[in-house]
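Below you'll find a set of structures to go through.
You will see chain A twice below: alongside chain B first, and alongside chain C after that.
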Partner chain A sequence: MKVSRAHFKWFALCFFIVFPLGSGILFSEFYLSLLIRIFIFGIMLLGFDILAGYCGLASFGHAMFYGTGAYLAAILLTHVTGSIWAILGLSILANTILGYLIGFFSIRTRGIYFVFLTFALAQFFYLAFSNWNFVGAADGMAGIPKPNLGIPLDLSNRTVYYYFTLVILVAAYFIARWIVESPFGKVLVGIRQNEERIRFLGYNVNSCKRRAFVYSGIFGGVAGSLIVGYLSFVSPGVYHWTLSAEILVMELVGGMGTLVGPLIASGFVIYLGDFLSSWMAETWLMVLGAIYVICILYSPEGIIGILRKLGSIKRFSPIGDKGP
Partner chain B sequence: MGPSKDSVLLEIRDLNKNFGKLQAISDFNGKFEAGQLTSIIGQNGAGKTTLFNLITGKFPPTKGQIFFKEKDITALSPHLISRIGLARSFQISNVFLDLTVTENVRLASQSRFSQSTSLFISKESKGRLQFKTDEILERIGLATDRDRLARHLSHGDRRHLEIAMTLALDPELLLLDEPTSGLSPAETIETMNLIQELSKHVTILLIEHDMDVVMTISKRIVVMDFGRKIAEGTPQEVEQNSEVRRVYLGDL
Partner chain C sequence: MSFPTFLINLLYGFTIGSILILISSSLSLIFGVMGVVNLAHGSLCMLGAYFGLTLVLWTGNFWLALIVAPIVVAFIGFLMEVYTLRPLYGLDPLLQLFLTLGLSMIVSNLVLHFWGGDVRSISIPEALKGNVLILGTVYPSFRLFVFIVSISLVISIWFLITQTKWGIILRAGVHNMELVDALGINISWVFTLVFTFGCGLSSVAGVIIGALHNCNTNMHTDLLIWGLLAVVIGGLGSFRGAVIGSLILGVSEAFGALLMPGLAKFTIYTVMVVILLLRPEGLLKEI
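Let's look at the complex of A and B:
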């Protein structure tokens, strides 16, 4: 029997749905916690793939959306409301505006300047929040109250939060899929492949790039808000450039412009990080670096590239030759 | 006075373009009538492609103005110029190499739909888009290669895809930059027939090196040399122009 990629997706979903049943019996509750973090990162990577993988804008400051979503949730939970819906709504709104502004300024630059500008913008947030006493400056905020769903399901229960993030991840996946398969998504691919030609076809490239920033910013903001709702803690680290770098590595290791690839890579990298850092602390980043280099050298299409080779799913050549 | 005002589709006034000390275009004036096929000839470096780049907004002129349907389009962004009905092809094939032939043409067709960069597309529009794409593929003779990646096309087919994409934009004025460059004699004849067929429906400005092609299909010819227009007229007039014979046709 041929198992297609669609089958694989449903199989994975079923696995994650039944997974919590084994928690505390087959494996420690720690794994539930790990998966929650993986789901949340996955949401962000789906958005980042729209920007970097589809539109070709490999920003080095994506942590700014995650950070903004995180701090917004922290402030709202502490001072204003516990409703997760209000928090996610405002997070989407704030990151829409932020995405537009960041897009507006950064797409005027190209290549290495684009990388530096997005990096600098994110670091600006890092420094600002490290010095803002209202949000605890460099110490951040701890003991943030838990959000609520507005229905008799308690988000402070780990299993409930697990399913909540899983539902949002699945929704995010379908929304991202819908975006990249819409007319807009096709134009993004065109921009990545040949920006000049797409311009002469009559498309407003800058407007499309700004929108790509907005959409990917929204995914990042939602992820940031969700992590604070789970950990009840936030620190300026959510804005740090190492997070932006980690996002980029996940994107590249997963396989750009595939949605599923970066999603798998976020799980892989986070799991590996947890596993390795327990007995080699910070030096695990060296292992991550090595994986990254191996990926760039031997599988530019990342994990998806490897899976395609294994399953010999032919994407490119319907006629079998490699062409000129 | 030349042709009556309303039949002039494109008008260029005192156009100049300098790249540093190089005068790529000097005092170029010209009126191009609707419905005609005009060829622009001249040696390499005469400024032909630069002229196209200025008309389509790739970069702004140093001086001068360009009018399309009496509207000043000088230094408008390329995407706005494209949208008012001016499409160009490129001398070196400039297609989306990692998309299939169909996807290339569909992406071009899509830009003329109101939902061109929308997140939603109605079933009806989607159908129309596919229909238009198929129609162009048939017309240009690329239907059998529809699912191949542009990367895997032969040079000649890539040149045809280039034309197919400009056609998908429903242009009123089509600027073709050496569509036969690098083609075999047989492919050249095929492309020539295609252009002749197209010229019945759309105004064409053609940059071309093959003099047989130019003399056969052009209604008018503009001759350029070192950024200047040195002659203009019907193929017969241009052929008999002594200056043209000296600088250009002399080496035939």
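Let's look at the complex of A and C:
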């Protein structure tokens, strides 16, 4: 039987749905928490792919959305409410505003200057939150209460949290798919390929870029809120530029502008990190660096490019090089 | 603040600034000529510091370390340019930026792997351990030595750029590399030379910093960020801009740490954001 794209996706989904059944029997529960982290990063990577892969705005400060979502959740959980819906709603709202503002300023620059500007803006947040005593300054906040769903399911249970993040990831995937396949998504690809042309066609390029920023900010913020709900811990590290760099690495290793690629890459990178750091502590990053460099040099389309070359899976991305 | 304190801080600021020039000017020249912002610059600088450390531990000779470590790092830079950057010319320039990010990850973690995470310091030669009196104030002679070495290096590079045939090619390249190519100069070797030389220069700074402060495995981030800040303030691709930017940063660091310890970093990032938004080409456009 020829394995097509649709089959592959449903296989993966079924696998992840039955996965927790084996937890504690076939493999340790550790893999469940690994997968939760992978799902959460996957949500962020979906958003980042809209911005960097489709619109071509490779921001070097994407951690600011993740961090804002994370700190917002931490503050709300500690001082205001435990409802995950309220937290996610406010996180979306806050990151809509933040995404709009960051987009507003950073798209005035381009190329290398854009990279620097997003980097500097994210570092502002890092410095601000590592000096703000209300959120624990450089130590961060620990022992944050668990969120609740509002129905009799306990989110402090790992398996429940697993399904919760899986549902959000699947929803995020379909939303992202819907965004990039909509006319707006086609305009984003057009901006990446030839901005002038899109401008001549009468589109407001800057407003489209801002929208891309808002969308990717929302995904990042949701991811940040979810990780705090799971780990009950937050530190200024969520704003640090190394996280932004890691996001970029995952994006490029996965294959830009493919949605599925960065998702697979987030799983691959996080799993590799956990696997290797058991023997080589922090220095596993050099292996990741080497994989990343090899990817850029030999397979600019990333993991998706390799899969395509192997020919087992047909084109994942409907956009390819067919711009408007 | 009394006048001697002011003077000592100013001199210290210039000392930091002059080391920073070695990093930022090579970063800036590499960008000017090749269009690549080398994010591995901080890591190579750190690698230089650790090579220097090992050489001093083996031979006990600081001068040897100051000369040999940069040559080794320059050779590594040469390999990087030839085998990783060269295949990417003509593609999206951001791809090279991302590549150097990966190189930086590899180099900095290799350093962590081989030298471990301890903070260590390069011991300085006996002759430089004392103090000198400047206008009645005591000043460590090693700092003065560092200042003199860095400034003389900067002046000789300036001479190289403005007075020699190599410098003409370099300056022409900053303006328009394609035209230089059309005039029959092998630009891929110009690229390699500039990159190699830049890496060597930054690791001179690395050895000096390793002796002046210490070698630690997190230093590459700060070195890179400071170098980038100086370059952005001065103007990407401009040598004089990098000099001015570095001196501004050095002096503001020396006084900022004294006058408003918490705010100094904020101020620097604010300056960076404002410059990028209002005048992305930086203070100076010319080399």
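Operating definition for what follows: the second predicted complex is superposed on the first by the 311 of 324 C-alpha atoms of A that agree within 3 Å, B and C clash if a C-alpha of one lies under 4 Å from a C-alpha of the other, contacts with A are read in each partner's own complex, and residues count from 1 in each chain.
Just so it is clear, a contact is a pair of C-beta atoms (placed from the backbone, for glycine too) under 8 Å apart; a residue touches a chain by one contact, two chains touch by 3 or more.
Keep in mind that what you see is a predicted model, and the values were worked out from it rather than measured.
Engineer: One more residue to check, A:N194. First (chain B), second (chain C), both or neither?
Structural biologist: first
Engineer: So, does A:V293 touch the first partner chain B, the second partner chain C, both, or neither?
Structural biologist: Only chain C is touched by A:V293; chain B is not.
Engineer: On the A-aligned overlay, A:V167 touches which partner chain: chain B = first, chain C = second, or both, or neither?
Structural biologist: neither
Engineer: So, does A:L127 touch the first partner chain B, the second partner chain C, both, or neither?
Structural biologist: A:L127 contacts chain C only, not chain B.
Engineer: Please indicate which partner A:C14 is in contact with in the superposed arrangement: first for chain B, second for chain C, both, or neither.
Structural biologist: Once the two structures are laid over each other on A, A:C14 reaches no partner at all.
Engineer: Would you sort A:T283 into first (chain B), second (chain C), both or neither based on which partner it touches?
Structural biologist: second
Engineer: Intersection of chain A residues contacting chain B with those contacting chain C?
Structural biologist: none
Engineer: What residues on chain C touch chain A, complex-wise?
Structural biologist: Residues in contact with chain A: 31, 37, 84, 87-88, 91, 93-95, 97-99, 101-106, 108-110, 112-113, 221, 225, 228, 232, 236, 262, 265-266, 269, 272-273, 276-277, 280.
Engineer: Which of the residues in chain A come into contact with chain B in the complex?
Structural biologist: 178-179, 182-184, 186-187, 189-190, 193-194, 196-205, 207-208, 211, 316-319, 321, 323-324
Engineer: Which positions of chain A touch chain C when the two form their complex?
Structural biologist: Going by the criterion above, the answer is residues 58, 105, 108-109, 111-113, 115-117, 120-121, 123-124, 127, 131, 241, 245, 248-249, 252, 280, 282-286, 288-290, 292-293, 296-297, 300.
Engineer: Quick check: in the complex, which residue numbers of chain B touch chain A?
Structural biologist: Per the touch definition, chain B meets chain A at residues 56, 77-79, 82-83, 87-88, 90, 94-99, 103, 106-108, 110-113, 115-121, 147-149, 151-152, 165, 169.
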